[in-house]
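Take a look at the structures listed below.
Each of the next two complexes has chain A plus one more chain, namely chain B in the first and chain C in the second.
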Partner chain A sequence: METIIRNSGKTQVFREKANKVMGISLEDARLTKSYLSVAFLAILLGGMLGLLQGLNRAGMLELPVWLNYYQVLTAHGLLLVVVLSAFFTIGYFYAGLSHTLGGLLPKVRKMAWIGFWMKIFGFVLAVIPILMNEASVMYTFYPPMAASPIFYIGLVFIVLGVWMCAFGAFINVASWRKRNPGQHIPILSFFATGVFVLLFFGSLPVAIEVFTIIPWAFGWVETINVMVARTLFWAFGHTLVNIWYLTAVSAWYVIVPKIIGGRRWSDLLTRIVVIALVMMNITGGFHHQIIDPGISEPVKYMHVFMSLAIGFPSLMTAYAMFAVFERTARKKGGRGLVGWYKKLPWGDVRFLAPFIAMAAFIPAGAGGIVQSTNQLNQVVHNTMWIVGHFHLTLGMSVVMTFFGISYWLVPYVSKRVLTPQINKLGVIQTIIWTIGMVIMSGAMHWVGLLGSPRRTSYSTYFDNATALSWDPYLFFLAIGGTLLMIGVLIQVYAVFYLMFFAPKGNTEFPVAEVEEDAAPTPRWTERWGLWIVCMLVLVGMAYVIPLVDFIVNAPPGSPPYKTW
Partner chain B sequence: MKQSGYGFLLLLALMLPPVSNLLESIMITHMHMQMPMLVFAGFLMAKFFQKRFPQFFEKWNENGLPGILLFTIIMVYWSLPRTMDEALTMTSVEAFKFFSLPFLAGVPLRDSWRKLSSSWKHALIIFFTVLFLGMGWLYIWSPVQLCNNYLVIEQITLGWGFITTAFAMVVYLVYSYFMDFSKYE
Partner chain C sequence: MMHRSEKIWLTLSFGMIIGFMLITGYQTFALEMGPPSHGERIDPQKVDETAPFDQPGIKQIGENEYEVVMTLQVFSFTPSEIEVPAGSTVHFTLTSKDVVHGFQVADTNLNAMVVPGYVQKITQKFDKPGEYLVLCNEYCGAGHQMMSTTITVK
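So, the complex of A and B:
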């Protein structure tokens, strides 16, 4: 028995080495390739729908009766915010787990496949009623708007599929820790652990919400508590957004330094950023409910504070990134107060795309602080400003980082190489996307300040003067959207070219090392159980007061409505 | 030593009338925010006392049990509805709160925690879990208003605050029961 265990330990060590030298195993590669393919098909479809919306909002396109604006909007939101992001994140982190932990365990790989098909099945279930105009409730599906029950059952399967992947990741990490006593989880797997912890705990509230909606949508119970449903939704929705952000951040900390030929920033501080983002995340959900009734002023004030606390690790990140850039550039002979920037590899799409993504987070983060402020929120709430904001954060900071990742991750899992032509195409794509998003999101922010509402198909409100004054901006929105659609086409082409047609060869998985003189990281950073408990306590602090109030002082509740 | 300074600052900040009025205006922030922060202030200041009076702690708190007993008594005392009410109406009780929580609970907690064996630590957490479940039950299902100063809805909220905190402690206990840290080190 002893020897068997020791032997299997040895084969494992051997496999880990082989994995590092020879690249990812074919089975693990197939998993990631499938996830990434779905992600990029989602952006293709979602982008097309986005363009339809943009053209409609500018008054240039009338949608046919069998496909109305709200169907398109529901599908656009779901495809991009749920499908693209979830599939990319899982594909990327599973490749990372496979690379840094010596391959996925067979059991874990199977779980990830089951999760894959559950999500696809759930998505198909959700799309059918959307196409039939039975679920035009937008991706937030706020009650009392009620969709066909099939829509919610689809969502349940998506959540279950995500949980499969989260548990798979936990099992793989735990098994690695047992085999490597006394060692720190490799940094990329540390990020993955944080992301899957958030995916699991963040989707618990929405699971509860959906389980209360389903009987109501079937008509088995008559009414629903609207405020509780909204609160549960945003505990999830906000966390989800931050999960994509944390995924992008992982590439900024771990991958980008390697690509520019440098080393990572402090290992300890990086891990602290992860822990802080995991602990403080879920409570941020309330900043989506600043205008909601039923929450008292002091409680809203506490929530603003809890929300802005997330700004702190974000500022640490900004500092860390520029510190790494400057250090690396100076090592390469960069000079002057700012002249060192010339030494960075601007022509390399794997750097350029995530760099612009990071830069975009500066205005995006500033906009976020604006929105979290109670008074300013009243100005921008439910206007196009919000749409501009999340196209900057998600559509630029996160998605452009994903694009940058795709130029090495796809060749890595396909055992091919990034050709200079595709690199150049990628640089062009990055520039088009940047210009398109700056125009579109700029126009959205501005027209939002002038009062143009979000989630509203084109209307001149009986030629009202204010509404007519929005037109020039909405026209810019359409121009930006068109550029973005070109960007989507190039990006999707690049991904599938790299996956199936690029020259064969070995591509490295770029994980940066820590500085040579780095201090060892203390052991307490590995106590995930403790971080989870702290997270639960914070969640309790944020949610107990309003939830008890909503439930104990509940109004009669609402029957389902079909408003479209 | 810097730490002790911060602890002292925290205590002063919590004593500022606008801060204490705000925190005491809501039942749950009174008990679950102000009081733990007072303990935490004492926890930070403990370093100062440990350095100044090493023999005292050595002599009176050799194995950590007297200290943790004192901590527990103070904590239980401040979980009573009646004491909270009195703190709001009588200045002397309010003063005792600002003294006892940092110095009679926070300081001994810091000094004792390291000295306790892990089974004592777990016993303590289990004790507080049970206490919190009991308090939660009392506050949620009590048929009457327990405090003169707080409405029934606030009392129910605090009850759920106790239950969620107890839940978090249960998660921690389960985690440390199933996790064998020696395997990873």
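So, the complex of A and C:
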């Protein structure tokens, strides 16, 4: 028995070394390629639908009856918010797990495949009623609007598929820890652990919500508790947002320093940021309900604090990133107070895209802090400002980081190389995307402040003067949207070119090392059980009081409505 | 372990968040500028039979002070086309007869979610004369983009 264990241990060590030298195994590569392909097809489709909306909001395009604005918007949200983000995150982190943990365990790979097909199946189920105009309920599907039950069953499969991947990741990390006692989880896998912990715990509330909706949508139960459903949704909805953000942050801390030829920021502080983001995230969801009835002002005030607290680790990140840039640039001979920036590789898309993504997070994060604050939220809630905000955070900070990752991750898993031409194309794409997003998101912020609502097809409100005065701003949505569509086409071309046609060769998985004189990271950072307990305590503090109040003092429930 | 400049940066960051909280707290609890948070419940299927929504409308309750009892339903506001004199303070009492709606008045800070089963309250002083656009800012169905009315301040 002992020899067998020792032998299997040796095989594992051998596999880990082989993995580092020879690159990712074909089976692990196929998994990530499949996930990335779905992600970029989703952005192609979702981008086209986005352009349709931009043109409609600008008053330039009336959508046909068989594909109305709200169908398009529901599909756009689902494709980009759920499909793109989930498939990219899982594809990227599974490649990271494979690279840093010495390959995926066969059973974990199988779980990821089962998860893949469950999500695809769930997505197809959800899309059919959307196309049939039986589920124009937006990606938030607030009851008592009721979609076809098939839509919700589709969502269940998507969640189950995500859980498969989360548990797969936990099993792989646990197995590595057992084989490497006393060692720290490699940093990228540490981020992956945090992301999958959040994916699992964050999607629990929405799973509960959907399980209460299904019998109601079928008509087996007459009414539903609207506020409970809404609250459970946002416990998930905002966590999801932060999951992609944490994914992007992992690349900022771990990948980008390597690409610019530098070293990582303090390992301990990096891990503290991950732990803090994991613990504090789920509680942030409540700021979506700041102007809801039925929640008292003291509870809302506590939630403002819980939401703003998430800003702190992000501000730690802001410092860390610029410190790494400066340190690296100075080592290369950069001089002056800010003159060192010339030494950064601006012509390298793998740096340029995530750099602009980070820079975009400065106004995006500031806007986030401002709009989470009680009274200021009241000014912008459900206006176009919010749409501008999440196109800045997700469309720029997160998605541009994903784009930057794709220029090395796709060649890495395809055993090909990034050519200078595609790098140049990537730089052009980054510039087009930046201009498009700045124009669109800027106009959205502004017109939102003036009062233009989100999730509303083009309307002059019976030629109301105020509504008509928004039109010039809304026109920029069409200009920005068109540029973004060009950006999507270039990006999708680059991804599939790198996957199937680029010259063969070896591409490195760029994981930066810590500084040579770095102090060892304390062991306590590895206590994931404790972090999860802390997270659950915070979630309890945030949600027990309002949820119990909504349930115990519930008004009579609402029957299902189909209002479209 | 930490650089001095990082300590300064993080202290400022922490101070900024606390600053936001102090100002928000002061405005919410001392100046009563908190977000609309009314807690009263109502049977969403019996709105028409429940006071005060059995008689939606506008009522003067004091000098320059009005109460508007309003129901929101797909895709309209009842009552619609409200008129008040300039300088009036208007207290809105709102509920939904069907799905979730939003009550937003452009060029003011009036913005509240109106959820079936709950009574929502929000107050605004209208100083400047003009026609204010009232619109639903929560997607509520096929005619959501038509759900609007006006408040005229004379």
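Throughout what follows, the second predicted complex is superposed on the first by the 564 of 564 C-alpha atoms of A that agree within 3 Å, B and C clash if a C-alpha of one lies under 4 Å from a C-alpha of the other, contacts with A are read in each partner's own complex, and residues count from 1 in each chain.
By definition in this document, contacts are C-beta pairs under 8 Å (C-beta built on N, C-alpha and C of every residue); 3 or more make two chains touch, one makes a residue touch a chain.
Not measured: the values here are computed from a predicted model.
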| item | value |
| --- | --- |
| Clash or fit, chain B versus chain C on superposed chain A | fit |
| Per-residue touch tally on chain A - higher for chain B or for chain C | C |
| Partner chain(s) touched by A:Asn553 [first = chain B, second = chain C, both, neither] | both |
| Partner chain in contact with A:Ile362 - chain B first, chain C second, else both or neither | neither |
| First (chain B), second (chain C), both or neither touched by A:Phe462 | second |
| Superposed model, angle subtended at chain A by chain C and chain B (C-alpha, nearest 10 degrees) | 70 |
| Which superposed partner A:Leu131 touches (first chain B, second chain C, both, neither) | neither |
| Partner chain in contact with A:Lys178 - chain B first, chain C second, else both or neither | first |
| Partner chain(s) touched by A:Met60 [first = chain B, second = chain C, both, neither] | neither |
| Partner chain(s) touched by A:His381 [first = chain B, second = chain C, both, neither] | second |
| Nearest Cα pair across chain B and chain C, whole Å | 11 |
| Where chain A meets both chain C and chain B, residue numbers | 553 |
| Residues of chain A defined as touching chain C within the complex | 68-70, 136, 138, 142, 144-145, 226-227, 230, 266, 268-269, 289-297, 300-301, 304-305, 308-309, 311-312, 315-316, 319, 323, 369, 373-375, 377-379, 381-383, 450-451, 453-459, 461-462, 464-467, 519, 553-559, 561, 563-564 |
| Residue ranges of chain A in contact with chain B within the complex | 177-178, 181-182, 298, 523, 526, 529-530, 532-533, 536-537, 539-541, 544-545, 547-549, 552-553 |
| Contact footprint of chain A on chain B as seen in their complex | 22, 25-26, 28, 32-33, 153, 156-157, 160-161, 164-165, 167-169, 171-172, 175-176, 179, 183-185 |
| Contacting residues of chain C [partner chain A, same complex] | 1-3, 6, 9-10, 13-14, 17, 20-21, 24-25, 27-29, 33-46, 74, 98-100, 102, 104, 106-107, 109, 111-120, 131-133, 135-142, 144-146, 148, 150 |
